[in-house]
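Same chain, two partners: chain A is paired with chain B first, then with chain C.
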Partner chain A sequence: MSKKEKILLKASIVFAAVFAIVPAANAMHIMEGYLPAKYCVAWGVVCLPFLIAGFISLKNKVKENRRNLTLIAMSGAFIFVISSLKIPSVTGSCSHMTGTGLGAILFGPASVSVLGVIVLLFQALLLAHGGLTTLGANTFSMAIAGPVVSFGIYKLCQKINVNRRVGIFLAAFLGDLFTYCVTSIQLAFAYPSEAGGVGASAVKFLGVFAPTQIPLAVIEGILTVVIVIGLETYAKPELRSIGFFKNKKGETQDE
Partner chain B sequence: MIIIDKLCYRSKLRYVSAAEKLLYAVSSLMICVLTRSYAAALIVFIANGILTVGKGKIPLSCYVRLLMIPIVFLIVGTGAVFLNLSKVPMDAFAVPVGEIYITASRESAFWAVNLCITALAAVTCLYFLSLNTTMTDILGALRKMHMPRLLIELMMLIYRFVFILLHTASAIMTAQEARLGNRDYRTQLRAFGKMLTALFFISLRKANALYDAMEARGYDGTINVLERNTPAKKKEMILLAVFELVLIIVAAAERMI
Partner chain C sequence: MSKNKKTVILLLIAAVLIAVVPLFVLKEAEFGGSDDAGSVMVEEIHGEYEPWFTPVLETALDRELPGEIESLIFCIQTGIGVGIIAFIMGRFVERKKWTDSLGDNAFEVLREKQKS
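Right, the complex of A and B next:
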């Protein structure tokens, strides 16, 4: 082995070792300090109206019945836990669910916006996913845009009588994809490409994150179907308590 | 179960005033992100390393491993910022692929390095805060800043519930493992879904039981806890102010050059 080859070998070992201990591919949180200051502020401002609306709706729920406080808090903890558990994946790398689709279907987009911002703060502090300065951008993509799309598709599928499982799958799957697209566009706005501007840059970001995000979205869709169907079978009274079923008899006609 | 949470209770800096640590972390973070100065970022990176590992006695191996968490995002994201697909080659280098080039300009190479350094320095600020301050202290500091009460209450409850749920989840997963629930990929996915289903209704049941228990003990909408009072020390505050001032001056000087 020549000297150059030895160096190359060592470098490749180091490279492999770095990747082996890295818990790869979490949901697409923009890391701390990655966005320029003005974008941090701008995305935060964009989130504000949604958060205020969500906060008022939560406040009313708690005022209505104080028992709701522990329920809402437990829902928040549930979203945090599903996004922190490793999901089984084919390649052996570990990835996490985002939980946005499930959260939106179960709790509605208004509650999810406020719970989402709390969960994202905890993820930044406890798991080092995302960060404080990028909290606004991450909140917009994961706690507002994704859940709103999920919820919209879920309702739409119900209206036009798509098979229930397919509807839930599509809601979670497309919600996840939308989150990933929004994050890519956020990054593209902050770092427009020298050749082609924001558009070309968005394509680049979409491209580099696609290999991890698209399989993840499929898996998340499947898991969400398993969970929602499971809940409807075993946990009717609990679902009623969070307002998932409006009428007492209601089997599949929820909210 | 959550490594950062475990470590922060062991930190030697745990009993330093939470407001002070919060102020330090957030102001350094803001200076890094606002100025994007190489020197300031380097100083912050080193200072946080000394504070967290040297003063806080967080094991170096843990600290390094934690710093690796965002590195995949950093590599992939910066790669996308830095590389371009273009028909015209740029000045740093160009690798032809068919008719187009994978290429980068000098300017964007500097940008990429700057981005990496700033982001890593920012991450160490976050780690300084989370590895040396317990969540309850952070929430206490936020309460003093007059965040809405409901929000703080929710955050406190969520923080407590997270551990109960993680514990339950890991018990269910152990049981599934023992019953060949992870036999193949299909079973694995189904088992994971079922675990979350079970977790969901266990969690709601627990929430109800908890409310009953709190109500029985006279819960009236606020949970009052005694806090350890750790006022900020004058000497530390002066040091903090000097440090931030130095950062600003260094960043300004760099811009002049």
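Right, the complex of A and C next:
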């Protein structure tokens, strides 16, 4: 990180901390115009440090080795595909997945926030899906909170020696679910119910999103594992270059 | 067939089943978006709610995005993603064939070749 970048990062963190005191409200793909303005601003500001950190980390990864670009493009494309597919679920409504797990596992949560924002912007501008005013809140849930959980779960699974594929599945699965939990909480903050306040409201929103999302999160977990198997087979040099394999042993185990 | 291939095929079948089964089991369901279900819930909690901002594209068009066009744009999104993944994966697969045929120190061999 250069000095300028460091200053920028620090400034944005301070900025975010100051603004985060303004009641922080949370929600995935909240519809355009459905969050009061102050929440829109607050979420946007909270996302800033992550985005800047992500931008810097992506830049460094490319500088380190230009070949890393291919996997970054791959993770971004994966989010593009996965989040464009609306899939029917057991509750009788459709929802879509986030696809951010793969990037989080390969590059860490900060980098994914940038990739996620690209997709959210695409959908907000062209599809009226999500929205510009709710971009901050949606970025936080889909491109920050979810990937952070995915990354944490993946690292935890590595530490306690869970089979790597199981770890990847759990990471993507829980990251996807958590995205929708955060969305529910974001909506609940903005719309506390009269009886019971934010808590009761969060339960109601969770009731809408969670049952729909569970089967989809399973699919997301499966697809992430499939693509990682593909990469493990065909893109060993790239994975090695981003430090995906911890040691030689891990590499040969899967062959 | 290698173990990996079997795993991948089984996983893909599982994923497709999870997605398709609800469609056949729930014959009555409408399969609307859960984002819309969210806005219904907002109205339930908050009473009548008028979104204070309309999507930019809808403002520009002065009406809602037609359903067919929406699915077109969703397809473009999928297409962009699949295109990138397929392109890169294709290169990887071909490369593996090449490097495998050159043996264990394939990359060194190639580098030597480039030098000469």
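Please note the rule applied: the second predicted complex is superposed on the first by the 178 of 255 C-alpha atoms of A that agree within 3 Å, B and C clash if a C-alpha of one lies under 4 Å from a C-alpha of the other, contacts with A are read in each partner's own complex, and residues count from 1 in each chain.
What we mean here is this: contacts are C-beta pairs under 8 Å (C-beta built on N, C-alpha and C of every residue); 3 or more make two chains touch, one makes a residue touch a chain.
Since the model is a prediction, treat every value here as computed from it, not as a measurement.
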Partner chain(s) touched by A:66 [first = chain B, second = chain C, both, neither]: first
Which of chain B and chain C A:152 touches, first, second, both or neither: neither
Touched partner set for A:243, first chain B, second chain C, both or neither: neither
First, second, both or neither for A:95, with chain B first and chain C second: second
Which superposed partner A:123 touches (first chain B, second chain C, both, neither): second
Partner chain in contact with A:191 - chain B first, chain C second, else both or neither: both
Partner chain(s) touched by A:218 [first = chain B, second = chain C, both, neither]: second
First (chain B), second (chain C), both or neither touched by A:34: both
Set of chain A residues, in rising order, touched by both chain B and chain C: 29-34, 36-37, 70, 73-74, 76-78, 80-82, 84-85, 87-88, 90, 119, 122, 124-129, 131-133, 187, 191, 193-194, 201, 204-205, 208-209, 219, 222-223, 225-227, 230-231, 234-235
Complex interface listing, chain A residues touching chain B: 18-19, 21-25, 28-37, 40, 55, 58-59, 62, 66-67, 69-74, 76-78, 80-82, 84-85, 87-88, 90, 114-115, 118-119, 121-122, 124-129, 131-133, 187, 191, 193-196, 200-201, 204-205, 207-209, 219, 222-223, 225-227, 230-231, 234-235, 238, 241-242
Of chain B, residues touching chain A in the complex: 2, 4-5, 26, 29-30, 32-34, 36, 65-66, 68-74, 76-77, 79-81, 83-86, 88, 90, 105, 107-108, 115, 118-123, 125-127, 129-130, 135, 138, 148, 150-151, 153-155, 157-159, 161-162, 164-166, 169, 182, 185, 188-190, 192-194, 196-197, 199-201, 203-208, 210-211, 214, 219, 221
Complex contacts: residues of chain C adjacent to chain A: 4, 7-8, 11-12, 14-15, 18-20, 22-23, 25-26, 28-39, 41-42, 44-46, 49, 51-58, 64-65, 70, 73-75, 77-78, 80-85, 88-89, 92-93, 95-96, 107
Chain C partner contacts - residues on chain A that touch it in the complex: 27, 29-34, 36-37, 70, 73-74, 76-95, 119, 122-129, 131-133, 183, 187, 191-194, 201, 204-205, 208-209, 212-213, 215, 218-219, 222-223, 225-227, 229-231, 233-235, 237, 254
